[in-house]
Every structure is written in C-alpha cells, then in structure tokens.
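Next come two complexes built around subunit A: one with subunit B, the other with subunit C.
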Partner chain A sequence: MNLAIIVLIVLFSISSFFFARTKVKKIAISNQTKLNALPDYYGFYLSLWCALPALLILIVWTIFEPSIIKAFIFQGISGENAQTYNNSELNLIYQQIKSFHFGYFTGTITEEIIRGAESYKSFLSIAQGSKIVLLATIIIFTTLYALKKILNNNKAREDVEKIFKGLLFVCSLVAILTTIGIIFALLFESIKFFSVINIFDFLFGTSWSPQRAFVRDASTITAEEYADLKNAFGTVPLFAGTAFIALIAMIVAVPIGLFSGIYMAEYANTKVRKYSKPIIEILAGIPTVVYGFFAALTVGPFFREIGEKFGLEVSSESALAAGLVMGVMIIPYISSLSDDVINAVPQSLRDGSYAIGATKSETIKRVVFPAALPGIVGSVLLAVSRAIGETMIVVMAAGLAANLTLNPLESTTTITTQIVMILVGDQEFDSPKTQSAFALGLTLFFATLVLNYIALRVVKKYREKYE
Partner chain B sequence: MVMINNKVKIKTTNLNVYYGDKQALNDVNLEIHSKEVTALIGPSGCGKSTYIRCINRMNDVIDICRVTGSIEIDGNEINKKEIDVVSLREKIGMVFQKPNPFPKSIYDNVSYGPNIHGLAENKVKMDEIVETSLKKAALWNEVKDRLNEPGTSLSGGQQQRLCIARAISVNPEVILMDEPCSALDPIATAKIEELMDELKKSYTIVIVTHSMSQAVRVSQRTGFFHLGKLIEVDTTEKIFKNPNNKMTQDYITGRFG
Partner chain C sequence: MNKDQLLKKRYRAEKRFKFYGLVSITLAILFVIFLVNVIFSKGRAAFQRTTIAVEVNFNTEELELSSNASIEEIQDADFYDLSINSLLKLYKTEGAKQEKELLRVFSPDHDIEIKNFLIKNLDNLNKNVIVNLTTSDDIDQLHKGNYPRHLPEERRRISDFQLLIYDQLVKENKVNKVFNTFFFTNGDSRNPEVAGIGGSLFGSFFTIIITLILSFPIAIFASIYLEEFAPKNRITDFIEININNLAAVPSIVFGLLGLGILLGTFDLPRSTPLVAGITLSLMTLPRIIIPCRASLKAVPPSIREGALAVGASKVQSVMHHVVPLSIPGTLSGTIIGLAQALGETAPLILIGMVAFVVDIPATPIDPSASLPVQVYLWSEQAERGFVEKTSATIMVLLSFLIVMNFIAVYLRQKFEKKWS
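Showing the complex of A and B:
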C-alpha cells in the first residue's frame, strides 16, 4: 500500500516537472519576460515541492502508526474487561490479535481476540483512509504554493539550491542523531550497570565470569553478595585477550602489509600494480565469517597437530590461530593505505636522492620511508582499531574462556566475543549480566575512539607537510 | 682561438631520446667545456631537461624513456649498461627546478650524500664536509646556528642553496642545474648567480634557463634547443650578439617561444 502511494507521489512529481517546465516557457514567451532561471529549475522546484513534504509526512506516519493503533487496542481491551492486565500481558494479547488478523494465529481463539481483531481491522482502515486524505491535502497545498511561486517567476535556481541544502542537512542530521542516540543508549545502560558494579572493579578486576551473576534486584545486594559479584565482572582478562590477539595480528599484518605496500608503490611496474593491487584488496572484501571458518577449521587444528608432534599442549581454539588469521585479514588495509601514503611522497624527493647517487633501496629506507612514516603509523593505528573491534574470527577461533594468559597456544577471549556471548539467547534486560555488555561496548568504543583520533591526527599532520 | 685551451668535459654524439614512441631529442651533438658555465636555452618542451637528465642518467628512473647515441665524460662512454650509475651520479650532481630538500634536518640534508658514499670516516670529518659544503653554497652564515632544524623550514632561496650544498657535498665534477632560479625572487636569484660564478672555478656547470639575461650573466657558452634539436651552440657572447642561425636570433629577441 505504502509502495503504491510512493509510486503515485513520484509519478505525480515527475509529471509536475514537465508541466512546470513547459508552463514557464510559455509564460516567458507570452509575457515577453526573461526567466530568472533555466526552465528546468522551475521543473525541479515544483516537483520537489510536490514530493518532499508528502514523502516526509508518509515516513513519519508509517513510523508512528503501529504504536498509535496499539495504544487504541490496549485501551479497548482494558476498557471492556473487568480484568486488569499488566503491560506484558497486554503486549501478548496484542501480538495474538495481530497474528489472528493476519491469519497465522495458532493458539486457542477467544472471544477477546476476535473482538480485538475486529477493532484492529477497523483501526487499520481508519488509519489508511486518514493517511490518504492527509497526504492528498498536503500535496495539493504544497503544489499550489509552489505553482504560485513559479507563476510569479521566482528565483527558482536559488530556491532549488536551498531545498537541496535542506535535504543534505536533514540527511547528515539523521546520521549524527543516530550516532548520538547509540552513544546515549550505551551510556545509560552502562550507568545502570555501574550503579551495581563499581567501575574500578569492572576495569581492574581480574576475573570474568558473568554467568555467575544471577539476576538480582540491584538495590538489595548485600556486601557479601557484591564481593562475589564483582569477581564476575573483572574485565582485565578481556582487555588482555583483546590486546594480545590484536598484537599477534599486527605482528603478522604490519611487516607483510608494509612490505607489500612498499613493493607495490616503489618496485612493481604499472602492469603488476594494476593487477595485484585489486587482488590484495579482494582480501578486504572477504566476509569475516569466512576467515572465522578458516581459522577454526583449518588453522587451529593445524597448529594443534603440529603442537602434538612436538609434545606441546595446544588447544584447538587458540589466540595464535585467531590472531594469525586476523592478521591476514588486516594485511590489505595496511598494504593499500601504506601504498597510497608512499605514493603521496613527492617524486622530487626521490629524484633528489637518486641524483646524489643513492640506490633505490637506500632512497626508500632513508628518504621515502621516513617521509611516509606518519602516514604509515596512521594506517597501522587504523588497522589496530579494526583488529580490536573484530568479532567473528575470535568467536570462532579463539574460544570463550577468559584466561589471563600470555601463552598464544591457549584459548583466550576478547571484549567483542564476550558481548556476543552475553547477548545471545534469552536475556533479562535489567540484569547486571546483560548490562555489562553495554559497559563493555562503551569501553571498547572509547578505546577505538582514542585510537582513531590519534591515527587521524597523525595522518593530518603528515598531510600538512607537503601541501 | 681562446676556446682551444678548454678541455672538453662532456661530449654527446648523435644523442636521441624517446619517451615511448615520442622522440624528445634528435641527434644532439654537443660539447660541454670543463670549468665553465654552459647555458641551455630554448622554448618550453624542446628537450633541455631531457638533455641534462641524460648526463647523469636520471632518465633511467623513467620506465618508458630510451636513450641512444654516445655520451662521453672525460672521454669515457657512460651511455652503456655496465656503467655504475651510482658512482656516476656521485660525480655529477644535480639541482632541480623546485627546491627539494629532504624532510630532514639541514645537517642531515647535506650529510646524506657523504653518508651514503662513505666519504666521512667519523663525525668530525662529516661536520667538516657539511660546513664546507654549506660555505661553498653561501648558506653557512644563515644556518650555522640552526643545523638541526628541518630543511623545509628554510625560505625558497635558502632551500635551493641547501640543495646546491647537498649536490656539492659529495665533491662532484659536474653540476647540472635545471632552472634553479625559476621558483625564486630576484634577490635569491642574484645570490645563486653569484654562487655559480664562484663554483665554476672548481666545477663544470650546465644550467637550463628561460631567462636570457641570466644566461648572459652567468654563462660562457650557450646552446639553443628547438623541437628536440640543438640549433646552435657557441660562446654566449656570439649567441646573443650575432647568432649564425635565424631561429636563434628570433628566439633571443623574443619573437617566438
């Protein structure tokens, strides 16, 4: 239904474009006046005014319609029944009514549900009708308004510009608001969590086992219970695990990525470059789950076999396997960024070095690389924050045990993995266990934010140097 | 003739240069004399830069560039595979159109060459090389208190003199200069011209320039290039007073180019 409305609006808007265009041309000829803008702009002006307000209203309507209908239904149920329901019961009934209405209800059909479904149906059609009336009115008004403007030979070019500016502004507003919304959601849940668990116990505790945190009303926790509880939420093992796996990944990715970047930028001829760069970049397009398979099913068991030959105890889920595969995943980021950075070093510096009798490798080592270093550092930092945020590979290959260990052959776990573990399955939303996921998310967010900030600063400083 | 005393330092015979299919130089036969300044003039795109880049084999850096013909330095052929370009370039310094100091300290900019070629066995010797090079480039007094500052922090004219210091730090025999003053103001230009007068006592200098007056001021001999051909080469005095070729005449009087 909405789709049909949208199509109609768009069609109307398109035809109004042509209408306005021919109209103003005719007017200009018959009145012997000069138009303030090209005829196309009048077309755009009218069609934008036709479509945009109506579409906007449609979006808002679609967002709010279900909850408004829901409120009416709730009212209906509680009103005609002597029985009082609490909120979740109401929700359940509402779901039943809805599924009955759409014909996939399977439970016992009660009188209440049938009546509810009837009123649901009538509410839907009322909503439908009023929506169409409202949209039609809006379109008529906005179109008339724009038409009047056009007939008065408005400055259509500037006006269209303004409309586009507004449109762009709205889009960026949406982007910014959602970001802020996410941060606040994280923040509020984290604050709830930290009102139960001391933030220092969270950040510096060395034992992580949130499954021990049985659901409790936070306000009634006794001192003893808290002593137990705080041992469930010490994040040091998670941070250590995250940093450790990221470190292994960087040990793999930095040299390989950097050297391949240098090769690409300095040694490879145009033909090699043309083919090999996209091939390396394909690595960046592989979904991380695939890397995860690879780590869990190939690399992990491979290490264990090798370890067994040497009589070593290697767990099949190990930090080494996860870190290694994550390193491979990150190689293209580093190689392609450092390739760009090295290419940005002006040729004149290389010429200066060659002209004094330096060889190619001397030139790279002593002139190109130092000049590109800030940019390379920036790209490495970006890669690190990528590694820290990576989840899938670790979930599949590094295990879940929050061991505080530096042995790469043992299994470890990371922040992101634990967030997944906490939130998978049925959860009580107000238990400290669930909220701890938000607290973890918030800390992770800050860590990557700081890293990205440093990286961007470094990269920026580097840019200023040549411009 | 006066010229008879001059030893020929660089001699190119039937020099042809191609960028891909495009021919940039066409049978250039030119002799450059020792301890003199030779100016190369000609309209844009006529191959002056291409010519001087042949002398220190800088065209090797360009993939598509092909050089045929003979280039002799002190009678030794250098346009052949076996030649060691690294030691060739140690002997033949180059200063570019745009100052291109490395993003390193002033000291490191000058010590770069000697370092690579192992010309100084210790720090004291290196300090000495840096100081003499900067003095020869007439920059010492301006930078002696700030040798650790980045070379890029200098003014354009100072940067260009730093590049000259860098070029002479390895004690070359020839200095090639490709429009060394085109990015500089008249005062900095005057300084560098003065410097060239001084340098030509110990070095052979080849300078590409678009300024006729500069060619007259600094050079003893001038070569005129046009469309990849060397049209005329003679003493600067002869070229600018009474050239043999009509085209040269037109160019120096500003009728084309």
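Showing the complex of A and C:
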C-alpha cells in the first residue's frame, strides 16, 4: 500500500517537472520576459514541492501509525473488561489480535480476540483513509503554492539549491540520530534494569547467572529475594573474561602486527609490499563468523589434543583458542595503522640518525619508534576496542559459563557472548534477564566509546605534530 | 670489546630485527593460507551428493492416478508406499528392524524426491525407471571417506547391516556422486544431506539490497554536505565526532538498537531482511561516509574554482564537476562497506534472524536467514554433514566478498583520476 502511494507521488512529481518546464517556457515567450533561472530549475522546484512534504508526512505517519493503533486497541481491551491487565498481558493480547487479523494465529480463539481483531481492522481502514486524504490535501496545497511562485517568476535556482542543501544537511543528521537511537534504546531498558538491581551490585558483583533470575514486579521483591537476585547479575566475571581474552588477542596481535608494519614501512621493497599488504588485509575482510567457526572447529580441538598429550585438562572452548584467533583477526588493524603511522614520520629524522652512523634497526628502535609511539598506541587502543566488542568468535569458541579464572585453558565468557545468549530465541519482555543484556550493551558502548575517543584524539594529535 | 666485535654485534642485531619483521609477515600470510585451506578442504565435499540408483515402477494403478495424469494430480498423490516398496527391493531384509535400517540408508524425504523426479519427467508414467535417490547423511559421509568404519558397532551411527547393504550396492555400482544442486536451491533442513543455502542466499540478497538503497544515497548526501557545504561550527563538529565514533562502535550494539527501537518501538516484523537491512545500513553508513569524504577531498580545488570562475553556483560546481569526478572512489567505498555488511552476523542474531526457516523468502518481509547466520546456525549442529555444509557456505560467502572487493579495486584503479 505504502509502496503504491510512493510510486504515485513520484510519478506525479516527475510529471510536474515537465509540466512546470514547458509552462514557464511558454509564459516567457508569450510575455516576452526574461526568466530568472533555467527552465529546468522551475521543473525541479515544482516537483520537489510536490514530493518532499508528502513523503515526509508519509514517513512520519508510517512510523507512528502502529503505536497509535496499539494505544487505541489497549484502550478498547481495558475499557470493555472489568479485569485489568498489566502491560505485558496487554502486549500479548495485542500480538494475538494482530496475528489473528493476518490469519496465522494458532491458539485458542477467544471472544476478546475476535472483537479486538474487528476493531483492529476498522482502525486500520480508518488510518488508511485518513492517510490518503491527508496526503492528497498536502500535495494539492504544496503544488498550488509552488505553482504560484513559479508563475510569479521566482528565483527558482536559488530556491532549489536551498532545498537541496537542506536535504543534504538532514542526511548528515542521520549519524546523530543513530547515536541518539542507540543511547535511547540502551538507556531505556537499562534504567528499568537498574531500578531492580542496584548499579553497584551489577558492576561489582562476582557471580553471574541470569538464567536464575525470576520474573516479578520490582516493587514487591523482598530483601531476601534481592540478595539472591543480585547474585545473578554480578558482571565482574564477564569483565574479567572479556579483558582476559582481549589480552590474549593483544599478546598475539601486537608483536606480529607491529613487526609486520615496521617491516612493510622500513624494509620491504615495493614488490613485497604490493603483494603482502593486500594478503594481510584479507584477514580484516574475513567475516568474524568464519573465524568463530575456525576457532571452534579447528583451533579449540587442536589445543585440547595437545593438552591431552601433556596430561593437561583443556576445555574445548578455551579462552586461549578464542583469544588466539581473535588476535589473528586483529593483526591487520595494527599492521596497516602502524605502517601508516611510521610512514608519516618525516624522513629528516631518519636521515639525521643515519648521518651519525646508526644502523637501520637502531634508527627504527631509537628514533622512528619513539616518534611514532603515540600513533601506535592509538592504533593498539583501537584494536583493543575492537577486541572487546568482537562477538562471533567468542560466542562460538569461548564458552558460556561465567568462571572467574586466569587459566587460559579453561572456558570463560565475555560481555558480548552473554548479550547474545540472553537475547537469542524468545525473550520474556520486562524481565530483568532481558534488560540485563541492554545494561551490558550500555557498559560495552561506553567502554568502547572512551577507548575510541582517546585513540582518535591521540592519533589526531600525532598527525598534527608532523604536518 | 673492541670496535670490530661491537660492529659485528650491531650488524647481528640489525639482521635479527629484520628477521623478526619477516617472520611476522610470513606468519600473518601463513594464517591466511591455513585458514583458507582448512575451509576449502572441509567444504569441497559439500558440493557433491551421494545417491543410490533405485529402480522405481511408476505404475499408475498403484499410485491411484489416471493413465495420463496431470502435474497437479501427481502433486496430490501419495508416493510413500511406492517409495518404500522400491527401496525394500534393493536388499533382502528380515524383520522390521532390518527394514527400518535399510530405509535409514536414504534421506527421510525419499518419497518426495521420487515425486519430483516424476514431475520433471512426465513421460516415465507406467515405466520402470532408475532414479538416483539421496542417501542419508551417515552413508553420504561414509562414501566420502569421512566416516571411520572400523569402530565397534555400538560406537558407530551406521549398523553392521547397513554397512553390508552399502558394500553390496557399491559392488553393484549403484552408489554415485552427483553435483549437489540441493545445496543451492533448498532451504534449511534438519537433515544435512538435503539442507541448502537457497533461503539464506535470498535473505542475504534482500538484506544487502535494502542496505544499499538506504545507506548509499544518505551516505553520499551526508558526505557531500560535510565536505563541501558544511560551515565550520559546533553542529558540524558534533556530526563528525558522531560519524567517527559510530564507525568504531561494536556491531552488536547496532543489534541492540535494532531490537530495542525497530522491533520494540516501531513493531517491525521480526527475523526479516527488512529489519536486518535497516540495522545494517545504520551500521554501514559511517563506514561508507568516511571513504566517500576522502574521495571528494581528493578532487583538487582547481576544479571547483574553474567552475565557479565561469559563473556556476556553488551547488552547480559541486554537483556537475566534483561529484562526478569522485564517483569511482565513492562507489568502491560503498561496495567495500556493503561487503562488510554482508559478512556481519551479530546484529542479525539479535534481531531474530536465527529462527529455523525452511521456506525460501519471497519478499523482504518474510522471515529468513542470511549466509553468515546460516554459518553460525549450522556450526552449532552436531551432525557430521553440517561441518562440510558450513565450510561450503563460508566458501560461497567468501567468494561473494572476493568478487565485491575485486570490483571495488577495479573501479578505483580503472576510473579514478590521479591528480598531481
């Protein structure tokens, strides 16, 4: 339906382009006046005025229609019945009504659902009708307005350019909107979560087992029950596991990445550079789910076998396997960034060092590396942020049990793994368990935000130093 | 230590240092080769399917069909008894247990396979025909040599009797390997021998198209604004900080955004390419804007000034001259961004694309899987057959990514103007 409306609006707007163009030409010839802009601009002006306001209204309408209808339905359900429902029951009934209306409902059909579906249908048709009327009126008004302007020989080019620039500006606002959306989505559920669980118990508790959490109205929880509940949501094991795996990844990635970067920037001839750089960057292009599969299927069992030979107990989902594979994934980020950073060090510094007789490696170690250090630190920080936020490798290879351990051969879990495990499959709405995933997401978002901010600042400062 | 020794020591250190660098690069390259090798050696087998030649008599009376039955009539007919009878003729069995074991040599949907064969070859009605039927996963793996047959019986999934049947059939030359078209055309299944990536191919296709439609125009417009028109003020700075930060936000956070806002607030349908596309386009947007801006920046100011000098307006100089010159860079940036989106898994899991979907989606608002999610789903399965299926899916996914990246590099090298 919406698609048909959009097609109609676009067709109308295209035809109005041609209409305005010929109309303006005719007027100019018959009145012997000079136009203020090329005829095409009058066409653009009219067609933009035809389409833009209507499309905007349509988008806003489509976004808000479901929630408004939902509110009406809720009112209907609570109005008819003596019994009162809480929010999640209302939501359930609404979903049932909707699925009944679209004909894929498979449950016991109650009177209430049938009545609800009828009113849903009528609301839909009312919404449909009023939407079309509203859009038609708006199009008529805006078209008439623009037409009048054109006939008065307005400065069409300037007007079109103004609208165009406005459109560009709005597009660039999407980035801000996305950030607001993320913060809103995370905060909204997290606040609900923190109204049940104390934020300090969340951040400093040492036991994590959200599957134990029971669903209950937050206001009626007794102190005893809370003591139990808070033990389900202590995130210290998750932070520790995340940091531990990231550390293993860094132990693998930093030396290999850094030495590759140095070799590529200082030693490699153009031919080696030309081929080895893209090959290493393949590692960055491989989807993380592939690494996860690799870690779970090849690396994990491999370590287990080796461990067995030495009589060690190695979990097949060990932190070592996940961290190692994650490190491989991160190598190209460090190598290409440090390659760039080292290349940005001015040649005069190297020449100075060579001039007093230093060898190439001494120059790199004592002159180039210290000069490039801020940039390298920045790139390592970016890599750490990537390691913390990496999901698929740890979901597939790092295990689920929240062990507080420093043994790399045992299985540990991470923030991202737990978010996925909580939210995969059917979720109970409004349960602290589901909300805890959003609270974890919020922590993750802020952790990476801080890391990225510092890293970008450091890198930027460094660039300015040598520009 | 005298001078010579010192010098020698320094030269040794030099050599050592260079050697470390070489080792690092070699290690990184070896990782790539090893990874690709593991995936390819495991996945290759999935492109072949083991079949067993079975003689089927399409007797119209037995099937309760008219003598020149139409396709619809055949569709409605029950082929189960015919199928069972034809299979049991293959090998002499005693008792229900052995019959069952014989039937288990084949994939459970053998009757439907026979039906589809007849629909494709209608002239075979009332004839005795050899039909190649798909074997069960265990026999498939055995035939491909991935299954240890020398274990004691109780530790094998294949019974001794089934091994007897298999060896007999091999002797009779009835076991064949054919190209596995099922893998590309079928949807997901619990039986690895007939599971395919058809559904997830379409799911990924719809998702990427929606991502492209949403993110490409917005990214280009935003980068044109920021690079050409934006005044230097706080709002512009804020937008830039946002873009740089969003590009580094973990993808799973975008999944939470999709779950909380798109599914929660706006009530969009779960598990669909529509929601996946919107989520991924929000994620790729900043990753496209950054290269787009770089390619706009690479157009030298003289182009803009030339246009302005002959009387073009600012908008005209940008749209008629700068943007067309930046198109190769813009396009290749977009393609690389889309390639990243194609391989993204975590956000899709959160918006419910992990549902088990057998049907191939026809529109973007049907529930579906996508290629990377299929990899994740199959990697969790215990059956041996899914290991090679997972690797083969990765091969398909990687080949798409390689093609996309290749196009991006080609566009850049072929069409981008070098200014200097």
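In this text, the second predicted complex is superposed on the first by the 303 of 467 C-alpha atoms of A that agree within 3 Å, B and C clash if a C-alpha of one lies under 4 Å from a C-alpha of the other, contacts with A are read in each partner's own complex, and residues count from 1 in each chain.
Definition applied: contacts are C-beta pairs under 8 Å (C-beta built on N, C-alpha and C of every residue); 3 or more make two chains touch, one makes a residue touch a chain.
No experiment lies behind these values; they were computed from the predicted model shown.
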First (subunit B), second (subunit C), both or neither touched by A:351: first
Partner chain(s) touched by A:359 [first = subunit B, second = subunit C, both, neither]: both
Which superposed partner A:335 touches (first subunit B, second subunit C, both, neither): second
Which of subunit B and subunit C A:269 touches, first, second, both or neither: first
Subunit B versus subunit C as contact partner of A:1, first or second or both or neither: neither
Touch count on subunit A, higher of subunit B and subunit C: C
Partner chain(s) touched by A:167 [first = subunit B, second = subunit C, both, neither]: second
First, second, both or neither for A:423, with subunit B first and subunit C second: second
Partner chain in contact with A:367 - subunit B first, subunit C second, else both or neither: first
Subunit A positions touched by subunit B in one structure and by subunit C in the second: 359, 362
Complex contact set, residues of subunit A against subunit B: 269-270, 346, 348-359, 362, 366-367, 370-371, 465
Of subunit A, residues touching subunit C in the complex: 63, 66-67, 70, 157, 161, 164-165, 167-169, 171-176, 178-179, 181-182, 184-186, 188-189, 255-260, 262-264, 266-268, 276, 279-280, 282-283, 285-290, 292-294, 296-298, 328, 331-332, 335, 359-362, 364-365, 382, 385-386, 388-392, 395-396, 416, 419-420, 423-425, 437-438, 441, 444-445, 448-449, 452-453, 456
For the subunit B and subunit A complex, residues of the former touching the latter: 56, 58, 61, 63, 85-90, 93-94, 96, 98, 100-104, 112-113, 116-117, 152, 163, 166-167, 169-170
Of subunit C, residues touching subunit A in the complex: 10-11, 13-14, 16-18, 20-25, 27-29, 31-32, 35, 38-39, 42, 217-218, 221-222, 224-226, 229-230, 238-239, 242-246, 248-257, 259-261, 264-267, 282, 285-286, 289, 313-315, 339-340, 342-346, 349-350, 354, 372-373, 375-376, 379, 387, 390-391, 394, 397-398, 401, 405
